[in-house]
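Two complexes follow with subunit A in common, the first pairing it with subunit B and the second with subunit C.
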Partner chain A sequence: MNKVMSNKWFITLYLLPALLLLTVLIFIPLLLTGYYGLMSWDGIGAMSFIGLDNYINVVQDATFWQSAGHSFLLALFSTLSLLLYLAVSLILASKIKGANVFRKVYLIPMLLSSVAIAQLWIKIYNPSNGMLNTMLGWIGVENPPLWLADPSIVLYSIFIPILWQYAGFYILIYYAALKGIPETIIEAAKIDGASPLQIALRIKLPLIMGVIKVTIVLAVVGSLKYFDLIFVMTGGGPNGASEVMASYMYKLAFGSYNFGYGSAVGFALLVITLIVTYIVRRLTANKEDIQY
Partner chain B sequence: MNKKKAITLMSTCSLVSLLAVGCSNGSGGEASNGGAETIEFMHLWPQGSSAEHHRIVNEIVADFEEESGISVDMQVLSNEQYKDQITILSASNSLPDVGMTWAAGYLDPFVEGNKFAPLDDLLEDGLREEFVAGTLEAYEKEGETYGLPLELNTVYIYYNKSIFDDYQLEVPETYEEFEQVINTLKEENVNPIALGNGDRWTGSMWYMYFADRIGGSETLTSAIDRSGSFEDEALVEAAAKIQEMVENDSFVSGFNGLADEEAKSMFMNEQAAMYMIATWDLPNFTTNEDIPQEFRDSVGYFTFPTVDGSGDAKSYVGGPGVGLFISEDSDVKEESKQFATYFVEQWGERAVSEAGVLPATTVDSDALDLPDMYVDVLNDLNEATNLTLYADVQMSAATAQTHLDLIQSLFGLEITPEEFAEANENALADE
Partner chain C sequence: MKKLGYFLLYGSLSIVAIIQVFPIVWLFLFSLKDNREIFAGNPFALPQAIKWENYYSVWEAGIGNYFFNSVWITTVSIFFTLLFASMAVFVITRMHWKLNKLVLGLFMIGLMIPIHSSLIPLFSMFLDAGIIDNPWAIVLTYTAYNLPITMMILLGFYYTIPKEIEEAAIIDGASLHRLFFTIILPLTIPVLSTTAIINMIYNWNEFVFANTFISSDRYKTLTVGIQNFVGQYMTDWGAIGATLVISVLPILIAFFFFSNKIVEGISSSAVKG
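Moving on, here comes the complex of A and B:
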């Protein structure tokens, strides 16, 4: 087998199908999107070339920057919530009773589709007969918040289901990484008299730092292009208060029949995501990861 | 060594065959079905959400196939998916031969892009006279008709008779009486009006009625077609009336975050006394067996009240719903026209009696055994003095989005009536 793997022809042959698929399904559409951004096009009739007008408009579009702001807020929130996931994983990975049950409980949201989660939370947030406000009513809250209707809090109302939705995914990753740490290292630390907190902070976290970095990139990139839950729950409303870059792009292309401009927004989204990913990678790329 | 070779060989073979399969599928091309013509037909009434519509479509298609020997290949999508799909198909020049479209502003890009076939030749042999006046016109662009309307809807306020009886409330005829009804309901801790303004067009209908009653039937329409202005005093006042109602807590709390479906379910679960919607929901209040009989019996309707002594109660907001288009690029245009004509005629006969849908073609209500509410609505339609097409349908897609966003801000008390009018005017002027 080693001989095969060192044969350049075989390497090419094995990589080719994936490369072909990526080119056809990802790279060509990406370039096309950038190209459509140069057009005035309603998505149906003929295209006409208008140069960089769409891109210039994107840069000057207050609504775009507002939705970009919401996307960044979501990215920040997702990154912070990684701390919570990490804490949960550290507890689960230490030998507590029922860890298996908890692990499965946290995984369940991951098994549901985004639309189902959105529908569930729409019901929970219903201002007059939803679970949340009914419970607030029991404890005597007179004017409970209008979770999805109040522009000042709608974004945060949506963050909660997103936190809930991705908990299982990240906890699973962290859990697996923590379980991969050799028991002998922990044993040695215990013998040296390290407290559980010290073990967690000084030994376990540094050892899984590589994984943590990957999850930060995943969380940031995932947040910047986040779409589905927001689209189903509020459609970006009320009045743009929960609009993110991807939902704005969708609205332009399919709601306003402005495919050219929508494509430009989509391309801007790509560029922003690439830049942010690069920055995040630079920030998290310090010295070599600890090997064991 | 032999084993390694075998593995190499096997994996190479599998890889090559995988590529080969991929290629052969790609070049496969279209299948033909032995001579008989096939029409592709796309509609937006899935079995789940529109069971009756779905059933009748299937019946009509089956009958047509039997009579004509032409087969019909159907594709069914739900409303929002349908809208996305039709745009994508249109952009790639692969529209179905016959499909459904909306009227007025929605048609523009399709007509300008030469995607829909003009249908006037098809209307010549008496078909034109079958349609209710005003419906076919909504599908006209520059003197040519591009769609055959299937539905006609008018907007009413539905109310729960048993709730009204409990508090000795009368159906309001003026805005003042309407306010009193709302105030009484609030005092009794009943939600007055269910509204799902997360969808925004729901709020637009309330606005349109105020505009109609205060400014008359022409003001809003002429503001949209640019013969008038959105900053007309009546249109500003209509916006002010909306905010007056919001400030008076007339609508259920959190309406800006509710979908229309949620508002509807509040009304249907008797958690709100009133609900404004178009007649497409009539089946839920009359014939739909899934809804408890007791509830259906307790639903009544009234037209939007007059405001400050002005307004014509026989002037309605409404218009045709979906209509059929025929693709300009269709290979089977003649057969498609035959099918579209057949469909419209059959639909007119079966829609009211079987699905409880008001068709865009005229119906002889005496000859049919219909629930009382249908007969009343059909009579109202006969006496209607005006039918104002939904504002967002009249506008182009981009302006409609702006208008709908503004509606949400207006209801959310984020902008003043003057700002609302000005922003609408600017959006329309920028066209």
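Moving on, here comes the complex of A and C:
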């Protein structure tokens, strides 16, 4: 039996397609990104080796750091919005009828493509007849902002649809975690006279802390590599006011054919994402995870 | 007192629901209006005369082509991802060999890679291989990039399959191929359908790869095609609305029928990340 189940030919044959795709299309390109970063290259012509120049330029590139700053601001907003999602999930999980329907309805935006969401929100933000400014007009706002054209607010205008898009996803995760708490623990607290608020803050939240930490990592990492919606809604503009790391990289490579420098920025994006993931994981490491 | 509590409870949940869904309803509303109504009328009003011709005209003008490209690219990629992931997970979880933990680890690292960091080399690799502006370039990337998450969802299920099933099959003289294709694979259909739907949502909506690798109009997928259309129909909101509705409809229909599978797939693929 064991002999059949350790047939080397069979193992190799069945592993090969997946392993080949993983290596050739995910791992090798990653290494190549680092390598291309050492080159001066327009993507089509010959490469010439220029050492660490591109990487040194990235470190000194004010535009790169500005877009990195925008990415980090998005990470901060996404993390803070988790509080809101958590509050909704606490209400949703408190044994009420229809919770299932609500949590599914909340999920709908996440199923749509970022491109469709971006186009939809461009229309919502439209200054003359978009949904938002029409509503503001009803309550008497005379000069509503130009949501996507004003450099001082464009970044926040873009954050809103991103938070909208992912709300259902996080609510779903929190809801599942809260539903996993054994009923007996809540009952015991009720008998001891704990108020619903106390139960939520002192019992439920600590019990799902592991899941909360995971969602923080997801929100931060997801924000650092965020691209689609921003690319479609503003293309990083006006004047770089909504540029993020990934959109800057894209613009360098496929907008101005600076593949060498674009690769260096892509590699910086990878390094920053990995370092921040590591730090966030360390900060939220489970020293004493609660078992129940 | 209790009544007030319930009122507040459902009130706040409903407000969130409206915020989540109303923009999509509004999209549907303006997809059925003409420009005069959109620009002069109340944006929340129901359409006066329903303009189905918006749908007809954008479908004729090329959306139909993008739609079918998306359908076949999505389907073929799902097929390969599920097949290769199942084969690999079978070998990793059911067969006896030394490096299985290491190989599994490699696949799980794949979960953490930001795709944008590999975009430039992928582009130049495909250019060298002569498959830039060829739908197979995106089929290949979708298949590869969906493998890690698909394998992660499949893993748990494969661990629960009882050993006795394999033993019985081998004793009865079945080959390993037969064991995998006629016994194990059919057993995993419930979890395969979950992963298929998660893959469908991802492939149908993917933008960066499709936008970078495909340039001719006849190969474009819906997400990229939308961009074209919006440029062309800059001021015809009804047409843009119809385009967007067509692009989100298949996912919404899938959601209507398989919402439990979607919920299951999303929660099992997220929490372990």
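Rule of thumb we're sticking to: the second predicted complex is superposed on the first by the 267 of 292 C-alpha atoms of A that agree within 3 Å, B and C clash if a C-alpha of one lies under 4 Å from a C-alpha of the other, contacts with A are read in each partner's own complex, and residues count from 1 in each chain.
By definition in this document, contacts are C-beta pairs under 8 Å (C-beta built on N, C-alpha and C of every residue); 3 or more make two chains touch, one makes a residue touch a chain.
None of the values given here were measured: they were computed from a predicted structure.
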Overlay on subunit A: subunit C relative to subunit B, clash or fit: clash
Partner chain(s) touched by A:46 [first = subunit B, second = subunit C, both, neither]: first
Which of subunit B and subunit C A:275 touches, first, second, both or neither: neither
Which of subunit B and subunit C A:127 touches, first, second, both or neither: first
Partner chain(s) touched by A:111 [first = subunit B, second = subunit C, both, neither]: second
First (subunit B), second (subunit C), both or neither touched by A:146: first
Touch count on subunit A, higher of subunit B and subunit C: C
First (subunit B), second (subunit C), both or neither touched by A:17: both
A:28 touches, of subunit B and subunit C: first, second, both or neither? second
Which of subunit B and subunit C A:254 touches, first, second, both or neither: both
First, second, both or neither for A:59, with subunit B first and subunit C second: neither
Clash with subunit C (superposed arrangement) - responsible stretch of subunit B out of 9-17, 279-287 or 351-359: 9-17
Interface residues of subunit A shared between complexes with subunit B and subunit C: 1, 4, 10, 14, 17, 43-44, 128-129, 254, 259
Touch list for subunit A against partner subunit B, complex: 1, 3-4, 10, 13-14, 17, 42-46, 122, 125-129, 146-151, 154, 234-235, 237-240, 251, 254-259
Contacting residues of subunit A [partner subunit C, same complex]: 1-2, 4-8, 10-11, 14-15, 17-19, 21-22, 24-30, 32-33, 36, 43-44, 88, 91-92, 94, 96, 98, 102-116, 119-121, 123-124, 128-131, 134, 164, 167-169, 172-173, 176-177, 211, 214, 217-218, 221, 224-225, 227-228, 231-232, 246, 249-250, 253-254, 259, 262-263, 266-267, 269-270, 273-274, 277
In the complex, subunit C residues that touch subunit A: 9-10, 12-13, 16-17, 19-21, 23-24, 26-27, 30, 38-39, 42-44, 80, 83-85, 87-88, 90-92, 94-97, 103, 106-107, 110, 112-125, 127, 140-141, 143-145, 147-148, 151, 166-167, 170, 176-177, 180, 201, 204-208, 212, 222-224, 226-227, 230, 237, 240-241, 244, 247-248, 251-252, 255, 259, 262-263, 266-267, 270-271, 273
Residues of subunit B touching subunit A in the complex: 4, 7-8, 12, 15, 18-19, 83-84, 87, 90-91, 109-110, 112-115, 191, 197-198, 200, 252-259, 262, 266, 271, 397-398, 401, 405, 408-409, 412, 414
